[in-house]
Structure formats: C-alpha cells, structure tokens
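Two complexes follow with chain A in common, the first pairing it with chain B and the second with chain C.
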Partner chain A sequence: MSYYFTILSPTDTPLFNIAFGTSKGGGDGIARFRFPETAQYMNQFIIHSSLDILEEAQWTNGAMYLKHIDTYPPAAAYISAFLTPSGARFLLLHQPPHLPSSTSTGSGLGSSSLLGSAGSTTRASSSSVAANPTSPQTEEAVRQFMNEVYENYVKTAMSPFYKQGMEIKSPVFRTRVTAAGKKWL
Partner chain B sequence: MSANKTSRIGEETRVDKVNAELVTLTYGTIVAQLCQDYDSDYQEVNKQLDKMGYNIGMRLIEDFLAKSGVGRCANFKETADMIAKVGFKIFLNVTPTVTNWASDNNQFSLIFEDNPLADFVELPDDGRAQDELWFSNILCGVLRGSLEMVQMQIEAHFVSDVLRGDETTEMRVSLVRYIEDEMPPEEE
Partner chain C sequence: MAAPPRHSTMLSISNGGTPQSGPNDKQTQQQAQTLPQSPGLRVPSNRKTIYDRHLNRSRNAELSRASFAYLFGEMVTYAQRRVTGIQDLEKRLNEQGYPLGLRLLDLLFYRSTSTSSSALSSSSTSSSPPNRPLRIITLLHLIHGPLWRLLFGRSADALEHSVSPDTPNEYMITDNDPLVNTYISVPREMSMLNCAAFVAGIIEGVCDGCGFETKVSAHNQPTEMWPSRTVFLVRFGDSVMEREKVLERSGVK
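Right after this comes the complex of A and B.
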C-alpha cells in the first residue's frame, strides 16, 4: 500500500504533505504508486478533489475522524479524512498495491527477490492493513495514525515561532509523521 | 546546610501554581515578538531577554527569601544548591543538576533535564537562530539580578541548549566577586 498524506488549513492552503509506503507485512516504507510518472500531481489532484465530499461529510456526525470518504477508481485511490476542531483537514490517500500479476515492479537490484517474497506474504493475509482499504482494520489503523498526527500537529502549532496558516516546515514534525506512518500503516 | 535539607525546603515551600502551558505560551510569545521587533537580530534578543530577567530577578529575590525563609548561604556551593533545589523548584518546578565545578569553586553548571519555558518550541529555521538565539536566556538574567541583590556579582550564560540540537541544556554560572558594603560616594 502506498500513501499520500496532506494537511490543509481551514482556508485551503496546503500546509504539509508527505508520501510514504506501508511498513506492515515486510513493507519497506517507500511509496510505490501505480502510476509513478504522474503520481506527484495526480495524488494532489485526487486528494483535493475530495474536499467537496469532505465538506458534506463533516456535518454528518460530530466525530473528527470521518473514515473513508471518497474513492477515485481509475487510480484505485481511497481517501480518508480527519477534521480538527479548528478546521484544519488531514487527508490520507491510500492506494493498494498492484494485483499479484504485476507487483514485481520493484527495484531491479539484488533485493528484488526479497521484495517479491515480502509482497506475497502481504497478499496472503488479505485482512491486513495493506490489502483492503475499506476493511475495519484499515479504518482503525488510519484512525490511530490520524490521532497521532493530530497530537503532533497540536504540539507543532503551539511553537511560538509557528504562525497559523504557515507551511509546516519543521523536520521534527515530518519525522514524527513518518514514525506514525511506520507504526500504524 | 545539608543537601537533603535544601531539597526539602524546595519541596515544602508552598507557592501559588499556574498552568504550565500558560507560562510556556506567554514566554514563547515574548521571545517570538522580540525576534520580530529586532528583525531577527538574535544577539540583541539575547541581550533584551537577559535584561528582562535581571529586572525580574531583582524583585524576585525578595519574594524568594520571604517564601522559603532561608537565611544566608555560607559559601558559593551552598548558593548553587539553593538556586537549583529551592529557587528553580518553587518558581519553575524543576530541579536542575549542579555539576562541573571549577577547581576554585567559583564556577558551576546547571543542567536542565526539563525546561518548562521551552516546551513545544522549535527555533526558527533560518540557519541562524540555531547558532545565535539562547531561547531561555531570561533565566540567566534572573540569576544575575537576584544574586546581585544578595551581594553576589555573577556572570551567567547558556553553553548548550537542546533546542539547538545539543544533548543537554546547560547554563554556566560564575561568581565574579562578593560585593562588599560600599559607602555611598558622597558620604564623609
């Protein structure tokens, strides 16, 4: 599974984004999107296009974690959202790996056999986080991830040198988001 | 006075409490505002913080002596313990470690495990703040001001800060001289 995570301010300014891959089931934490050549802008495009749905979904219940809200089938991209009380949006795009036939597109180095076997174990346990983006396990894992990021976001926003609505450049925050991704996704 | 007794005074002295985040955010705002006002001239910001601290220290010592009820320290070592275990304990609820004494017993370091002023803080990422700004510099001024009021001229400065990526937060304090009672100049 590959992930693209972004934080948007209440006024739709992108504050932070990061791409990473799963670390579960032998994953190495590196994002491998299905269409690597267009992923960079397509991911942003897909994630931002879910904002309308997010705005509808945010009134359906009082929860901050809105679960899986949108799907973009052509890229098999699933969007989960988390809303902070102050209106910052956390959006996570997740994209399951290719079907078994075409998975082995990893690096052609000596480690490819290792990657291949790791991939097959991932597929074997189809209930794992990586395999099924809409399963309750995944929803739960994403919720944990969002909560951890939220905690760190609050800390970062409390820094006296951070101004509201400013891009989050803090390397500490980035490390912590990466760590949260590793831990839960 | 034994070290144990000193820490007991620190533990037992009752002071009004205030929410830690209020202190952290207030102090953080002051520093951020100073950085803005002085156009990120961090040397100047350090100086201003020290000056603010000095003015605080001159008043705070009175409050400190009244609340803790301690008397005169016999030597500079005792003073150091008093600062760490009573002063910092009652005002900031931390107890820095006193260490690295110079051979003449006139210089020591305070190592802060935990610095409530610097919670949540990340220094500005402009390539200079990490090398120039001493975020908690107000504390140096506080020590300088308060000790001056009890006849000790000291010099205090930070030598490392976890905010800068150092291992520890360390303040170096050195005694310059005991201020003797001086006759006012105009007197016969």
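Right after this comes the complex of A and C.
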C-alpha cells in the first residue's frame, strides 16, 4: 500500500505533502505508486479532484473524520478525508500495491498504460490494512493516523508564529507525521 | 501555548552565543546531525519543541489577571496608534482577535476529543468526538458555552435571536461583565467605544473557521446592575442563511 497525504487550507492551498508506503506486514515504508516516477503529480490531481465531494460531504456529516469519500478506479486510488473544525482538510490517498494476479481490485485494468515501472516493484502483502482499502480495519487505522496528525496540526496552529494558511515547514512536524504513518498504516 | 519553548530557545542562544563563535558552531553541527534536512533549525537547549508539549497541560491552568489586563491595555494602546476614529479602532481590535478564534476552535475540539489521560496513546476509548457545527444554533451554543468557558471560565449570560422579521440573520450573545473591559476606562468623548471588539473578533474567527461567514460587533448596553454589559451582535451572511434553509429541509442537525 502506498500513501499520499496532503493538508489543504480552507482556501485550497496545499500546506503540507508527504508520500510514504506501508510499514505493516514487512513493508519498508517507501511509497511505490502505480505511476512512473515522472508522473507523481497524478496523486495531486486525484486528491484535488475529490475536493468537490468533500465539500458536499462536509455539510451532511458533522464528524471530523469523514472516512473514505472518493475512489478513482483507473488508478485504484482511495481517498479518505478528515476535516478540522477550523476548515483545514487532511486528505489521504491510498493505493493498494498492484498484484499481478489482480484478484483484489478488478478496477486496475484500465490503467495499464499508467503502470510503467510499478510492475517490477510489486510485492504481495498479507496485512489486512494493506490488502483491502475499504475494510473497517483500514478505516480505523486511517482514523487513528488522522487523529495523531490532527494533534500535531493543532500544536502547529497554536504557535504564535504560525498564521492559518501558511505552509507547514517544520521538520519536526514532518517527522511526526512519518512516525504516525509508520505506527498506523 | 508556545511561549515557554520560544523563551528557552532564546536562552540557549544567549548561553551559547556569548563566547563568539566556538560553541555556537558546535551546536549547529550537532543539530545538523539530528535533523539533516534543516541545518538552520534551532532547538531549545532541553531539545523540546512545541510538538513535545502536551496540549492538555495548561488545560486547568489559570492565567494571571494582572498580566492579562496589562497586556490587553497595551494591545488597545497599540491599536489606537494612527487610527482615524472609534470604528477604525474597533476594527483593529477585531482583527487582533480573529486569528485567536481560529486557533481556539481547533484547540477546543482537540481538548473535547481526547479524554484527559489516554490522549496520546490508544485513543480508541474516546469513542465519539464532538461534531463540527453544521447549523447556526449548534454553532452559537458552542460559542455561548464551551468557548466562553475556555476563555473566561464561565458561560456567556444570554443568547438571543433577533425578534425583528427583517433581520432573521442576527443573533445576540450577552456578557454582563466582560473580562476584557474590567480594567479599561473609556474616556467620555469615546463613549461609543467598546474594547470587547477584541472578543467580537474571536467570535468572528470561530464562526468563519466553521464556515459561517459572519460580521460580529460589540455594543454597550449598560443596565443598572451591570454597567459594562456588552452585547455581541452576530450577523450571518446571506450564503449562510441560504445554506441553513437547505440543511433544515434535508433534516441535518
């Protein structure tokens, strides 16, 4: 499973980006997306395209963690969202590894042109979190991850030197998010 | 919240920096080793950043009223420089409060989510975090109750809806004795001024953060018993009222 995590300000400015891979089930924590290295912007495209759905869901569900809100079948990308009360959006794109036998996701078929180098780096994963992006275990793991990031985000926001809408540059914050990813995803 | 770490950063600078360059270089080298991507980052001498401090640590801490009064007095003086009139001054106070509202909102939700002790570790016990306010009434209750308690240690005194049919978008929150005005004596020629415009700015920040476009203003409404009684007039924008109707029809609470 590979992850791409973004924090967007209420005015849709990206504040923070990170890509990482699963650490569960023997994963090494390195992201291996199905796009070739040169097409990493696809992640951003997919994440930003889910904003419309997020803005709809935001007024029907009052919870902070909105769970899995959007799917982009051609890339088998699943998007989970978390909304802070002050309007910052945390979006997590997760993409299960491409299995050559392709039993878990039938939706990966249309993306053959995008696969590129991904075929060489696939690895079978037995962990429940990695194998099934919509299972309750995954939802729970993502929720825990989001809550931990939220805690660190609040700490950032409480800093008198931070104004809402500023990019989060703190390396400590990045380390913390990486650690949260390692712990839960 | 972040004041103490900042303070200790300055301490470490002044400690290490006095014998010109020697120890200072060493310090930066050390930091470069631990945090390779940012050689310029300064970490306090106890190596604790704001991320190492628990957000609930100061939850029940009380702030000195004297220092608050002093600071707030200075803020008013600062805002008063080069202003053209009372409205301008109130606008500046409002702008000072606004970012505070945005922050408090996140803090408020964080604190009500995490059950005091097991906040960091497995937070699976805190089963139902509070919901983001979607409707006007829930938002106003949030301000009237939890926000006021966080700021002043008590709830606000009244919450009313405008009775006039022309202004259904106006709500009033009343504070009989606002803390911010306790030590402010307004000169007679500026009797219209209410320094609680700062608190109005906080309210505006909270509403805006939740996605409710609002204008909030503070007004003096003295009574015999409460000479500094202040009414915060909350005026929601048209977009909010429209959405409110849609949400009401679809039964969102």
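Quick notes on this structure:
In this section, the second predicted complex is superposed on the first by the 155 of 185 C-alpha atoms of A that agree within 3 Å, B and C clash if a C-alpha of one lies under 4 Å from a C-alpha of the other, contacts with A are read in each partner's own complex, and residues count from 1 in each chain.
Assume contacts are C-beta pairs under 8 Å (C-beta built on N, C-alpha and C of every residue); 3 or more make two chains touch, one makes a residue touch a chain.
These numbers come from a predicted model, not from an experiment.
Steric overlap between chain B and chain C is present once the structures are superposed on chain A. Taking chain A as the reference chain, the count of touched residues is higher for C when chain B and chain C are set side by side.
In the overlay built on the shared chain, the residue A:155 is in contact with chain B and with chain C.
Looking at the shared chain after the overlay, A:85 reaches chain C, while chain B stays out of its contact range.
In the superposition on chain A, A:62 contacts chain C only, with no contact to chain B. Of the two partner chains placed around the shared chain by superposition, chain C is the only one that A:176 touches, whereas chain B remains out of contact. When the two structures are aligned on the shared chain, A:135 is found in touch with neither chain B nor chain C. When both complexes are aligned on chain A by C-alpha atoms, chain A residues 155-156, 158-161, 170, 172 touch chain B in the first and chain C in the second.
Put simply, chain B touches chain A in their complex at residues 21, 24-25, 28-29, 31-32, 35, 119-125.
Residues 155-156, 158-162, 169-170, 172 of chain A are the ones that touch chain B when the two sit in their complex.
Chain A makes touch with chain C in their complex at residues 10, 58-60, 62-65, 83-87, 144, 147, 150-161, 163-164, 170-173, 176.
Put simply, chain C touches chain A in their complex at residues 1-3, 6, 35, 37-38, 41, 49-51, 53, 55, 99, 102-103, 105-110, 113-114, 119-120, 123-124, 129, 131-134, 209-211, 243, 247, 250, 252-253.
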